[in-house]
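Letters A, B, C, D, E and F mark the chains as written, and numbering starts fresh at 1 in each.
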Amino acid sequence: MDNQKTKFSVVVTGAPYGSQSASSAYQFCAAATLAGHEIAGVFFYQEGVLNASQLVSPATDEINLPDLWATLAKQYQFPLEVCVSAALRRGVVDQQEAKQLSLAQFNLKSPFVLSGLGQLAELSANCDRLVQF
Amino acid sequence: MDNQKTKFSVVVTGAPYGSQSASSAYQFCAAATLAGHEIAGVFFYQEGVLNASQLVSPATDEINLPDLWATLAKQYQFPLEVCVSAALRRGVVDQQEAKQLSLAQFNLKSPFVLSGLGQLAELSANCDRLVQF
Amino acid sequence: MLLHTVKTSPFQTLAISNCLDLLADGDTLLLIEDAVVASQADHPLYAQLKLLADQGRLMVLDADLEARGIQNRIGTRCSYLDFVALVIKHQSQLAW
Amino acid sequence: MLLHTVKTSPFQTLAISNCLDLLADGDTLLLIEDAVVASQADHPLYAQLKLLADQGRLMVLDADLEARGIQNRIGTRCSYLDFVALVIKHQSQLAW
Amino acid sequence: MTEKKMGIINRCLPHGSAHGRESLDLTLAMSAFNESISLFFIGDGVYQLLAGHSPADILQKHYQPLFKMLELYDIENIYVCSASLRQRRLTTEMLIIEVTPLAREQLQVKLAEQQQLLSF
Amino acid sequence: MTEKKMGIINRCLPHGSAHGRESLDLTLAMSAFNESISLFFIGDGVYQLLAGHSPADILQKHYQPLFKMLELYDIENIYVCSASLRQRRLTTEMLIIEVTPLAREQLQVKLAEQQQLLSF
């Protein structure tokens, strides 16, 4: 398989700030696309769901990981799937969930989407390699 | 000091969900107040700032730690101070910061307040015991 | 006198080991959260913890044992109220 | 064939130790993030890692060494592109 | 698109982190889409299955009864590291579900059979 | 309200977690209000001070130069565990600031002097 295009699915379980693992995952995805491989999609689970917050506001001399994910996903057209149950527990909600839960605010960043674990099953089936961070 | 009232300041560094430490901190505070002691205040730092999100939405059969903090703080009249720089990096913003950062949404829960590390210095000076979780 | 609190398992982290390295004579060690397994399982630091327990200097948070269905073999079981009292009794607390 | 990735220091967690317990003959170990110190410091698992390194089965992520100002003594330095190639080369990856 | 042989590895104690609970959630949900799931309980992960969790007093969710669902969901490959049990003075009789204890070498073989691994 | 003798303990490697960076932020900010701060670098914490961090390639903030501010902020009690240095083949000359190396027993004495401890 070495000389052909490989399709990766990536599972991110770390927060965008506080531990390095989400940033390692991003760099892995960036390197994979750079090498001409394909990202089937990234699934955010556990603390990883916090990568999908539009409210993450680091200082100007620091990277904004949610922005980096959004840019890479748009450029290479892969989905950023966020496990909805892990997200709600950790305070990451989209506009629709906010309405349903009677919350006045929401914070999901586009193009991240809330989805079920079925999406992980699809990413798992639809890739050559699954990588976890 | 054993038979008199002790004043505690508590530092919380863990998220409300995903690790137990914030919930241990809450239970410590609840026990201290129950025993007739005083909480000078709780300072939320590192991942602890996520306790201050009004968007945390666990299932109905699970505890909502931000709610529990808010109730205990109101009952015993102590402040819930959230380190503003740690909070912004992790996507916890109040309405005022949101305006300043041109964010359309915010998520800080009342009565949590964003404050500087000076508040930790005050809590440190103004207590008999500092406890970290 | 320090109260050392450890919250992680001796099979996962070296927190207990690093704590024991700095534990002074009058200090107390309180096991909370996942660290309560150290009072039950066979691990390389068990003998050292037993010595502490024999001196009355090893405490184990009751609620965290119950939560995990674990019976401690060493250490004194304590409640959150005891935890509060332990903090008062020691000059300072060190969270590992 | 598994690619094991470890991200924590052998002075903080037992991830490397637990990983080595399950490492099979054809498997590779890649040290990333804080785990890169295991390629430099004196720790109880160093000799075991050196054996792996001698067989070409210990990789160390270059960027994480540089970030911490650490020079590895054992293991093969590799880039993120090499990391991608390692994942392709192995049937599956196990994150510790 | 074909389902992959997936190994889900549980390495943590219950309640101190959400790893155990969220691993179980994931397992049960995935089983609707993938019939080739194997579960591994190694190291402190064996405590997930130790009967008698009672987490109400620490404000954590009591998810242990959900392990009983594994059988209903036809997840039958459940492997436990026998060395990890021994080290914790536990036996398979003390666990809330039926499991297959494996020695280290057998675990390595089973892990090598998986096409994908997720670790919690 | 009187300032307390406060010990801030650094135990982690840089960059893998934000502990080192946020501990330093806290130290510098606290020093404006408290003149009785002592810093401790033990275990992997000594790597915080190892000269030559270069984290741009891993997208992390290069906060190491801020350690130079400690002197300007009059934080002079900076203790490093000498056993931790030895175990990592490091010497005080390889560190970016001047520190006082202490043996285990001396560390215990210094820790016992503190009225409050924060650990990162």
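Some notes on this structure:
Keep this in mind: contacts are C-beta pairs under 8 Å (C-beta built on N, C-alpha and C of every residue); 3 or more make two chains touch, one makes a residue touch a chain.
The model shown is predicted, which means the values in this text are computed figures rather than measured ones.
Any chain that touches subunit C and also touches subunit D is listed here: E, F. Listing every chain that touches subunit D and subunit F alike gives A, C. Over half of the residue numbers at the subunit A-subunit B interface are used by both copies of the sequence.
When every chain is reduced to the mean of its CA atoms, the largest separation from subunit E belongs to F. Greatest Cα centroid separation from subunit B: this falls to D.
Across the structure, the highest number of inter-chain C-beta contacts is found for A-B. In whole angstrom, the spacing between the mean C-alpha positions of subunit B and subunit F is 25.
Each chain gets one centre point, the mean of its Cα atoms, and the points for subunit A and subunit B are 28 Å apart. Distance between subunit A and subunit F, defined via averaged C-alpha coordinates, is recorded as 34 Å. Within subunit F, contacts with two or more other chains are made by residues 11, 15-18, 43, 58, 60, 116-117, 119. Annotation for subunit C: residues touching 2 or more other chains are 7, 11-12, 18, 33-34, 63, 92-93, 95. Of all residues in subunit A, those that touch two or more other chains are 17-18, 20, 24, 27, 46, 62, 85, 130, 132.
Across the whole structure, chains are in contact as follows: A-B, A-D, A-E, A-F, B-C, B-E, B-F, C-D, C-E, C-F, D-E, D-F.
Interface of subunit D with subunit E (complex): residues 1-2, 18, 21-22, 24, 91-96. Taken together, the subunit C residues at the contact with subunit D in this complex read 11-14, 18. Put simply, subunit C touches subunit B in their complex at residues 7, 32-34, 63, 79-81, 83-85, 87-89, 92-93, 95.
The touching residues of subunit F, counted against subunit A in their complex, run 15-18, 58-61.
The part of subunit C that touches subunit E in the complex is made up of residues 7-9, 11-12, 33-34, 37, 40-43, 63-64, 66-70.
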